[in-house]
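Just dropping this structure here.
A, B, C, D, E and F are the chain letters, set down in written order, and residue numbers restart from 1 in every chain.
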Amino acid sequence: MLPPQWKNVFIPAWFSEDFPLLDYNASLFDNSQILQAEIVLKSKACCLAGRPFVDGVFEYVGCKVEWLYSEGSWIERPSDQERLPIAIISGSSAGILQGERIALNVLARCTAVATVTRRCLNMLVGYTGRVAATRKTTPGFRLMEKYAVAVGGGDPHRPDSGSSLIMLKDNHLEILKTQLGLDVKAAVIKARQVASFTAKVECECRNLEEALLAAEGGADIVMIDNATVEQANAWLPIIREKHPSLFIEVSGGITEASIQAYAAAKPDAISLGSITQAPGRIDFSLNVQ
Amino acid sequence: MLPPQWKNVFIPAWFSEDFPLLDYNASLFDNSQILQAEIVLKSKACCLAGRPFVDGVFEYVGCKVEWLYSEGSWIERPSDQERLPIAIISGSSAGILQGERIALNVLARCTAVATVTRRCLNMLVGYTGRVAATRKTTPGFRLMEKYAVAVGGGDPHRPDSGSSLIMLKDNHLEILKTQLGLDVKAAVIKARQVASFTAKVECECRNLEEALLAAEGGADIVMIDNATVEQANAWLPIIREKHPSLFIEVSGGITEASIQAYAAAKPDAISLGSITQAPGRIDFSLNVQ
Amino acid sequence: MLPPQWKNVFIPAWFSEDFPLLDYNASLFDNSQILQAEIVLKSKACCLAGRPFVDGVFEYVGCKVEWLYSEGSWIERPSDQERLPIAIISGSSAGILQGERIALNVLARCTAVATVTRRCLNMLVGYTGRVAATRKTTPGFRLMEKYAVAVGGGDPHRPDSGSSLIMLKDNHLEILKTQLGLDVKAAVIKARQVASFTAKVECECRNLEEALLAAEGGADIVMIDNATVEQANAWLPIIREKHPSLFIEVSGGITEASIQAYAAAKPDAISLGSITQAPGRIDFSLNVQ
Amino acid sequence: MLPPQWKNVFIPAWFSEDFPLLDYNASLFDNSQILQAEIVLKSKACCLAGRPFVDGVFEYVGCKVEWLYSEGSWIERPSDQERLPIAIISGSSAGILQGERIALNVLARCTAVATVTRRCLNMLVGYTGRVAATRKTTPGFRLMEKYAVAVGGGDPHRPDSGSSLIMLKDNHLEILKTQLGLDVKAAVIKARQVASFTAKVECECRNLEEALLAAEGGADIVMIDNATVEQANAWLPIIREKHPSLFIEVSGGITEASIQAYAAAKPDAISLGSITQAPGRIDFSLNVQ
Amino acid sequence: MLPPQWKNVFIPAWFSEDFPLLDYNASLFDNSQILQAEIVLKSKACCLAGRPFVDGVFEYVGCKVEWLYSEGSWIERPSDQERLPIAIISGSSAGILQGERIALNVLARCTAVATVTRRCLNMLVGYTGRVAATRKTTPGFRLMEKYAVAVGGGDPHRPDSGSSLIMLKDNHLEILKTQLGLDVKAAVIKARQVASFTAKVECECRNLEEALLAAEGGADIVMIDNATVEQANAWLPIIREKHPSLFIEVSGGITEASIQAYAAAKPDAISLGSITQAPGRIDFSLNVQ
Amino acid sequence: MLPPQWKNVFIPAWFSEDFPLLDYNASLFDNSQILQAEIVLKSKACCLAGRPFVDGVFEYVGCKVEWLYSEGSWIERPSDQERLPIAIISGSSAGILQGERIALNVLARCTAVATVTRRCLNMLVGYTGRVAATRKTTPGFRLMEKYAVAVGGGDPHRPDSGSSLIMLKDNHLEILKTQLGLDVKAAVIKARQVASFTAKVECECRNLEEALLAAEGGADIVMIDNATVEQANAWLPIIREKHPSLFIEVSGGITEASIQAYAAAKPDAISLGSITQAPGRIDFSLNVQ
């Protein structure tokens, strides 16, 4: 699922950030000896994500990684164990220590994103739609965050602005109305015209009326933005009745706390900025043995 | 405080991530008209950080930014106002919308980091030491996160591994003991030898004994790692008595919840991985007017 | 429509290719004098495309460009005139001559692509579907070629593989059949599952049966590949009857010579690899005055 | 003949263009199985060029390529065979499909350039001079196009502007005349002075008089530009008589259709912009077996 | 000691500089044969430095390097031998010749830097302080030069400006005095405040008074700049008496000729811009056997 | 003479090297004030070179540079003046201090190269040939060093290996002899064949016999390598008599001390590796006023 060039694009850049010139630490050790180290989980539970990045980082410094859990597996640390081993690294002292912080930083972030995604899904028993991310990602780190959403079982949503899915958001609609006098339906039609037919058109709607107009305009996806649970429950049946094959997404301020309530309205997708923007913290550390 | 080349290094890369090929959205609008848009704060309060990045992003697409608050100011949204304007953007429709998501992503992250940093500091009335970050940053995004720590009033801590501060962490000490039979004191002496005299040597210590050995070895900074509040309170006076000019840092699992307790021991610095790794979420949006 | 970062990404790289070290030519002239030069069209007719690239190249070397024709306009050179001026460049001798070849190379390629696209469209009177490109572009130059398709009035088709439109081509179908025993319908369903809901799924079909299966599987776009005109005429009505809202593309070996015949079957889109891969040649030159 | 760094410079960039973020296609398959695929020639005949690029692309995604024809060989597809296998690829489904389009795009372009070059040479029985390219190449893709010219048996001509061969073209001569009052002879002498002695000086001449002046000025190469066949036939003997060791190139609007006529004048080189700018199309495809 | 990413950062860039397009030389040879070549020292003596760079360059073009001397060893060429072999390269003709000049250029520079460093150290019998470099390095080549200083036995000094050691130089002090009315002591205190506690603060002092003020301000390092030997001898004891644990560096115009005299004052470090800026020349060549 | 893209290629990279993360120094000052600073020459005399690089560096940090001497001028510092101002910089404190070291490092290196070049030329009264550099340059810094040679009045020699001038060096000749049985004449003929006609062929010759063979083979340039002055004096007249229009270069171990003696033999060019590899040191500093 990762693009072929990811290692060349990211790994040297990540090391350049942490090692801008000489590495004096590497001179402390006898680097001809091969050591082993464990990556251990310090948090209570997680959905493991980021293995390829950890592998890439450690390979780059001549180390090997043996994983004790598969990517995407749900891991719970027994309560009587302070730290649960999840991987074994083998390599030189310099290699292990040069890779340590970069690998843990990526692993911690990916696993945090996958974990919150998985927790959301686990809450939604019987829900057959998707739990999706947004473009609220860390600049320069989107690939890792979107990948982690997928590992967690979520839908990464559109990769970029402009070239793939065309999304008419509140600002787009506002400008099209002011500048060109277009209502939501007309805006959707215009978006379809300027974009390639290979791209879907999605329209962000603030109320039922806009949603119906967007559907009439031929939107592939209608996104109900910032609706209350009550509104979502009231509007979706009406939209579905008129547009049974329409794909309906709900979004806007939804969190782990409220996702179950929204799922009850049976949207095709629920998207949350928070799963990439503030997924909480999963803590790992690395211990030389 | 930002390095001169930051715009060339980051801005085109951030846009390449969000606009890998054509931008169909830009064709929707009459881009000769100049619009205005507001960046609004949706969270309750924050310490604003990231203005130069927002400026850089919008300048890149031909827009101007006028700020209503200065960098580092503490902003509280009145409870009767849903969204508080903090900046005005002027530019073409395409420019504003191309910059929107990138600018908000950086702003949200920087402000979240600065806000948690500032909240920590505000709790520590009478504490004269530093609240510091770690290297637990997002790979490729460290500059923005370390900068935000500084804006929040914190200490960014060392910029990298290897070239600036030499830190002997648990793994370094373990390897030096196993490979070369060095105790903590000898390890500090060796670190001093292999590093340039221009770099400080810091030693992470698990207990009082190690701390005293590190100080005897001439460490510039002794870092008490993973101590309980009780341990910190017990150990610091003993260390201070023997080594009055030593710089003492406490670290390891400290959070906003526990920082006050640790500050009572009067360390010279308290460092927290969480302020960059999981600072929580500050929410902004951009509204075209 | 061009992404904000295109100048930083392409312009210095293009100049590095043509000026790997010193430029002795620049020392021949008095570069304090401002000269004027014309870009002239030497071919009979063209659809002008590439103005922003020419502007970017010449701005980079301190020159200004004044265009006599708008982007996308159809220009015919009077038969009694050998060379038709289309733009005036002002700048130093060194600037004009450093930019000349790069600017003309981009302009010639873009204009050739736009011209063949426009010629195809002009042939298809009454046809309301799209004339589209493919991913058969020059590696590293796709943005310019896809942009030129759009300027010519065509549809650039999907920007990339993997992240935007998911296209099941003959090889994908073959592998899914062999490895997993999936027929075309099942393959489309699986593609829908693994991809984000924000991406369309297109299926390349070799015959009517596959097309119907793909449509049943829920493909957003069915692409009839390598059909004869007769087959296209026979199959499309059958598919349309069963799946009236399906988007149907025809592709495979279609050229300017055969496009009219295929358009008669009224597909929603006709895509041609040749318009980017071998668009023919439009010749320009630059003459200092 | 390719520079050592070409793989690092081009391959990741080509993949970044086609795979800007996640690759959903790769998730469709069982990538532990090794498949075979054929690259087949669909055009009637070609001079094969681009093997190292295809190898580099497929190696990058973990595949191996076995070629059935050597680089530069002339391949004719039997009329009773629709597609002629020219190479066998082995690798995972994801690898083969990720490399497919990039590899074919480079191969098709290189082979088209080599093929037109070879066809020109094959026409010129008895001609002992060179058939050469120009700088009319695709920006960012010059290496591949110049290499293909060489594979076809042609001469790639100068690699760049400014640092290697110094060419005085019509615009240079015009400016030197206007600014400094230099005639062609004086211009050549000045070019020799400002350039390193390691670079040849070539002068583009519009007529016999200019050619003789350039030769008198000591030009290493005189290029007769835009002459008719008659002019070329008339002028070359006169120039040769006076300057028997001078290297004479003819150029300007020469194509496959006219190259034989120009060769009769026995220039040392005939250069054609068209062989890189619009070489026609050679079609390949890749079929999984 | 080298950062993990150095090969990816430097090697392709170095080859791009020497091989901007095609390499005709490589076509001269039968590159399937494996040859051997020697790197020989032509200078009288040297401290060998740069082996990893030579290895990296030759590995990149498929060659192997066998060294006859270890990194950092002092090598003297017997007077009756014109050229002393120091390494054996094995590989193809093209590989050896493509790597030759780049490898020798790096090796010659690194070895020159290490050699002058070592010569300085060898002169200073009984001196226990450090011989250090400065930031007077070749832009883009600092890593290699700082590394060579370390190989020679010297101290590379600070890696950068701004992020690691904070050095208050004459200009900083001048501005702080003029703008803010700060004396040297106050300037040091302010520097400590604005910088992270992880960075040392060094103060460049022009006289004894400034040195004492800097020490009082808490500078980690006081650097006596441009003092005569007499001044150094007079001032250091006075400073040491008041500030026994202070680190004192002398710098400014010191060369191999004067370093012994300065060492007599027993500073903790002597730094010389000349060892990186003009280390003299060590000559190597490569001979195919 | 500099390529258009040089600023984008070098300036951000140079600053990234010196400012890898935050710049604490910049926070010391009131950066709204505009200061002035002088660049002063501390060496006795120099040929000024590198102005465009200094301009580029300071412009990048918002400063302006006013020069008191033109590029290439010979500057002598009066003996009664310790430091001679050569340029005035205006800008903020942060800007001036961020640019200082980078600008001085480039200026010092360029000026040292230009100065030794100019000194050589000044010694050679009556000599009409060229004093040339080689490829013995600092990797990644060749442009600056070759440019400085030109400013000093020298000839930069070939820019690269492989694409421009084809030089048969001792190793090439040795391999061609061993592998293919080619003598020097045959080697030159083969080189001419594999290279583009746009490239000169130069042959490095160890003795008179080789030189004559190279000339017979049609070499554009014969380079007499490592000859003594006596040999040069003896061989050149013999070669010139037989090949009056041949370009003859002498090279190999020539320095400022011996260049006059070699010039007496009236070669067309004398090339010296030492002028770029160890040009000696020219010292500048920057003083805020």
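Convention: contacts are C-beta pairs under 8 Å (C-beta built on N, C-alpha and C of every residue); 3 or more make two chains touch, one makes a residue touch a chain.
Predicted, not measured: the structure shown is a model, and the values here were computed from it.
Looking at which positions face the partner, chain B and chain C present mostly different ones, since fewer than half of the interface numbers are shared. Repeated interface, listed pairs C-D, B-C or D-F, reference A-B: C-D, with more than half of the contact pairs matching by residue number.
Per-chain CA centroids place chain B at a distance of 32 Å from chain E.
Per-chain Cα centroids separate chain C from chain F by 45 Å. Residue positions of chain A touching 2 or more other chains, listed in rising order: 3, 8, 13, 17, 19-24, 26-27, 98, 142, 156, 159-160, 162-163, 196, 199. On the side of chain C, the complex with chain B involves touching residues 1-5, 8-9, 142-143, 146-147, 150, 156, 159-160. The part of chain F that touches chain B in the complex is made up of residues 8, 11-13, 15-16, 19-24, 26-27, 60-61, 98-99. On chain F, the positions that touch chain E within their shared complex are 10, 13-14, 17-30, 33, 35, 37, 93, 96-98, 100-102, 104-106, 108-109, 112, 135-142, 159-163, 166, 170-172, 174-176, 179-180, 187, 190-191, 194-196, 199, 274, 277-281, 286-288.
Residues of chain D touching chain F in their complex: 3, 130, 132, 155-160, 162-165, 196-200, 202, 220-221, 247, 249, 268-269.
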